[in-house]
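All chains are identified by letter, namely A, B, C, D and E, in their written order; residue positions are counted from 1 within each chain.
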Amino acid sequence: MARRIRNLVIAIIILNIIWYLAAIAISKDILPNPFTVYAIIPSLFKENISLDIYASVYRVFWGLLSATLVGVIIGIMIVRLPKFGRIANPMLYFLYPIPKISLLPILMLFLGLGESSKIGMLFLANVFQVIVSVRDQVRQIPGDLYSSLHVLKASHWQIFKYVTWPASIAGTLSAVRIELSASFAILFMTEVYGTQVGLGYYIMDEWSKMEYTKMYAGIVILSIVAFILFIILELLDAHCNRWRKKDAPLF
Amino acid sequence: AGCSPKESKSSSTSSSAQNSKTTKITIATMAAPDSAPLYVAADKGYFKKEGLDVKLSLFKDPNKRDAATSAGQADAAVVDFTSFTSYMRSKKPDWKLITQLTGRFGVAIPKNSNVKSVKDLKGKKVANMSRQVTSYYMYKTLKQNGVNPKDVDQVNVPQIPQRLEMIKNNQAAAAVLPQTFLTIAKVQGCKILTQSGSDFQVTALAAKGKLLSDKDVRSKFLKAYNRAVNELNDHPDVLTQVMEKDLSLPAPVAKAAPKQFPRYNKAKTPSVKTMKQVLKFAKEEGFFTKKVNPADYIVPVD
Amino acid sequence: MLTLNNLSIKRNNKLILKNINLTIPNAATTAIIGPSGIGKTTLISAICQLISYSGDILWDGHKLNLKKQTIAWVPQDFGLLPWFDVHKNISLGIKIRNNDKLNANQAELVEQIENKLGISDIKHKFPNELSGGQKQRVALAKAFCLKPEILLLDEPFSALDTVVKQTAENLLLEQLATFQITTLMITHSLEEALIFGDQLFVLSNKTGQLRENPLKSVNPKDRRDNPEFSKILADIQKEVIDLWRVE
Amino acid sequence: MARRIRNLVIAIIILNIIWYLAAIAISKDILPNPFTVYAIIPSLFKENISLDIYASVYRVFWGLLSATLVGVIIGIMIVRLPKFGRIANPMLYFLYPIPKISLLPILMLFLGLGESSKIGMLFLANVFQVIVSVRDQVRQIPGDLYSSLHVLKASHWQIFKYVTWPASIAGTLSAVRIELSASFAILFMTEVYGTQVGLGYYIMDEWSKMEYTKMYAGIVILSIVAFILFIILELLDAHCNRWRKKDAPLF
Amino acid sequence: MLTLNNLSIKRNNKLILKNINLTIPNAATTAIIGPSGIGKTTLISAICQLISYSGDILWDGHKLNLKKQTIAWVPQDFGLLPWFDVHKNISLGIKIRNNDKLNANQAELVEQIENKLGISDIKHKFPNELSGGQKQRVALAKAFCLKPEILLLDEPFSALDTVVKQTAENLLLEQLATFQITTLMITHSLEEALIFGDQLFVLSNKTGQLRENPLKSVNPKDRRDNPEFSKILADIQKEVIDLWRVE
């Protein structure tokens, strides 16, 4: 534990040194130095940035949860039900690259401008990626692991519960980690309309005002929020994968 | 990377005369009629004749334009007074407005709307984009009609086509649009509630560096600009062409443009008075509260 | 009664086994011996319906139905699920056949068998923390707990030391004596084959021959001490060596 | 092969039926029916959309290639060099969620408005995701696989070549697949400045002209281009993972 | 000469082996026997420097250095890399010690050993397409090709049939006779232990005792036919059974 905190501190110091040096080298508004940025953060909390944090985390949570649920189910089905998979795979490959942002008009038509269209966009933007990730992960499960269940004629549900799920949980969590960060990027597309709260809105707003110091303050807060969510995912991962002897340190 | 894609679809660059005496200027333009004279001047070689090597870079999104100007990638930019407040945040005025441009704005409403006048917008939902020229336009129009802007529910929808979609699908009572889209709105069966006249001019060209400090360069530049304005005013078909090819605006818009923009204004000092009003608006809205003297940010055209 | 009729099996388009005919009487044990790579494991995989085959695999004259007949299978590589600890791996088979539940009797049975096989103090370890022999015992425990109708053992004692092997062998004999289990046992040890097999199925050159075990009438427990044991063992050893060497 | 083509045809038919029904149900400009869209595609090629395709594929190729190279190296280093990993992991978790688009001003400062800043943005947006994916994949490699090389005191390079790389290639390709699609989404952020060619530009441009039929034609072309790239990746995957007995059918 | 001094090993904070002292003379073979789960594989892992330990592992008086001494190791689970075919797996060891190259002599050696172990016609198969015994033979081939100074065998013949086992045993004996190989061999078969071991290291209760092989002076090939063989085997069997049963 102590070592972890030490590593974390070292990492933060290194990051700040790099940032500081870059800021000095560039010496333009577009990259303020870290101390100016940190100095401004308390004032953001007075301006109620906690509301923005809440709004964004709320949207990301529901968008990601729905995308993960649907993505995991379809991803597993593609591999485990080969007949379904053979048709679903090419469909997936056609639908996956469609730029989801261009579906915004349709999404707004059905879901309006409020929370639901934002969560809907997060869902749309993430669900295919989760499907592909989970599918790729489940494809890697060695067939032998299923044998002992086949012999006992386990049901589809039992096979899922005892083999597919535990074998792919690490990959699923990896997919969620990746989506988590992508989701924050998507906030920048969805929090620019119909809302005035959210970290994405805040950062874009300060950007368009060219208030770079505040913009970076917003980014720092976003990073910290995401960092906390990552740590939660890591702990979940460590718990679910106790059986694996991990070489890789969390930090 | 020797085979990088070539921008061969349309030439947004005036064929650069690599003469050492030419002054290089990069201008960030927006896909709006305001930028048309710049393209004419570039296409017809007016800038070149003045010894200027002007490169026009088209932006579809004001944020990207501002990123480019902050990064020092442009010496001039097509802006509006409202968004120019962002350029006024730096300690000393490095960006100034050197000439007014020509643009028009209006409010579109659905075909069967029961909104008959601006007053009727009270309590209704209006699709707009905050802190851009359209939001100031709406503010001013509402005030002129005796409506408190706070009484209108303005929702922020940055994508202009999306605003139009919203009134078509009755998700909003009205949409504030720049002129090009007013034409589309009409083509698609919407009605125009109100529209700005030639007295409402809040777009301008912001400049820094040589174009700003070197009076000689500036007057050459504006001379080329004025020639282009003449060309546009004399040859409506040139406007149609520029609209469609350089600014990538929809064909119906381009076709209707000569009627909507019968006269482009020659280079003209941006109005300090209007700027003051915009600053007042910005203060009320709370997005720009710094005390500044507008005159410090405007260079007279002479 | 398990009957293999004209069983032929291809893997990767290569014919591994050809026209196998074999009848395994109820509640009896057939030992399968054969050189490495001949297709013993393949044969068992076919019975488990894990690979495709031509010909028939019948149980009492009907096509073998895994839903109805409980098969316990101890694979050569133990087949443990790495994410479950020993205890969960052992009880998994019962749970699957019993709607994911484990009743009190079954829980006790699991405990008992764990005790007998000396794995009760590694109950909470994961498979990758076990020694080779421990894994094998876990696989055996899993099979014994199931009280199967058909038991398929693929070299079940190969990783055990003398003492533990004796215990495990005795436990198997006990199970076989108590329950009606139709057993197929692959082994490389002719000794084991003679002790457990009521009959011997000798595989060579893609096909197999059935032999009676000359010691069939002797109680398995007493076979090793039978005065004829060494001679019979030596005979059969010589025979298979000649048979297999030709290939 | 014949079956694959049959499956592909079925998938395309199903997709079109869904699209067609949705278009009828919505019956608005924002979702034209598929046949109108297909009818217009030939005219796009007359308008030289092949140039746009070339430009976008070019950008995605270099952006993805650089991100993959750097991402794979760092991702593997984090796991295989635990000292490095312990510091790099928390740094990664802070840097990863930073919305890369907000770094656009800095990117433009160094790389200008042309191709390099576009490729740079694709690199920035993808590299962290590749790092995380590859790291997660390499973490899952069972430690036992390394033992036989450790005993022979294989060099770091040999361990990489004989174990880490073959064991993680499937995961790396999965990451590339996911990035490939994300990259097309990023084109929508980068092809809106300093260029007038590219599929992202084309689609956004038609959107802003409210030429929905052309916009969807652009999307269809994008999907087909991406589909072809996906198939290439699948073939590569199938080749590199011959040793694995695959249950999952390509289609 | 390989010397283990006061070797103690913990796994998961549990002491597995305590104060092991053992000297393995050059070019001789030590057979290790012990009950399942006692720590035989753990001991070998420590020599391979794969797990941490306290105490010393010395080669000719210096700390064992894997860079200088070539160790060939046949793990209990064969340790093949699944993405390389049989041939590549076998030559991998040589390549690693030889800058990723395989010269003509070495290539021939690989072929020869493949032939002798009967795996030349599965040369291009991947490990997951092999039978258990085939995998074990591939692992043995890999070790033999390396011409190591130290050879560590973890139950190397457990999955082989009578005939193949004889071939493999003979090949091992040949190797041991031709080259100066210091060998540690874990086995559950006391017979094998007596045939290969110049000395026997009997593990029980976390520690070990060294015995001379009474047949040491007899040529390994002839030991099995030695008139005293059965008696010695029976004696040692009784002894270890008593020793291990107590635990």
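To be clear about the criterion, contacts are C-beta pairs under 8 Å (C-beta built on N, C-alpha and C of every residue); 3 or more make two chains touch, one makes a residue touch a chain.
This structure is a prediction, so every number in the text was calculated from the model and none was measured.
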item	value
Shortest walk length in steps over touching chains, chain B through to chain E	2
Superposition of chain C upon chain E: rotation angle, C-alpha, nearest 5 degrees	180
Chain pair whose interface holds the most contacting C-beta pairs	A-D
Distance between chain centroids, defined by C-alpha means - chain C, chain D (Å)	49
Intercentroid distance (Cα basis), chain D paired with chain B, Å	36
Chain C-chain E separation of Cα centroids, rounded to whole Å	27
Junction residues of chain A, two or more chains touched	28, 30, 105, 109, 142, 144, 207, 212, 244-245
Two or more partner chains touched - positions in chain C	77, 128
Where chain B touches two or more other chains at once, by residue number	67, 70-72, 159, 161, 165, 169
Every chain pair meeting the contact rule	A-B, A-C, A-D, B-D, C-E, D-E
Chain A to chain D touching residues, read off their complex	3, 7-8, 10-12, 14-15, 26, 28, 30-31, 78-80, 82, 85-91, 93-102, 105-106, 109, 125, 128-129, 132-133, 135-140, 142-143, 170-171, 173-174, 177-178, 180-182, 184-185, 187-188, 200, 203, 207, 212, 215, 219, 222-227, 230-231, 244-251
In the complex with chain E, residue positions of chain D that touch it	144-145, 147-154, 158, 161-163, 166-167, 241-245
For the chain E and chain D complex, residues of the former touching the latter	45, 48-50, 66-67, 70-71, 73, 75, 77, 79, 81-85, 92-93, 96-97, 100, 126-128
Residue ranges of chain B in contact with chain A within the complex	62-63, 66-67, 70-72, 83, 85-87, 89-90, 131, 155-159, 161-162, 165-166, 169, 171, 287-288
Partner chain B, residues of chain A touching it in the complex	28-30, 104-105, 108-109, 112-113, 192-196, 204, 207-212
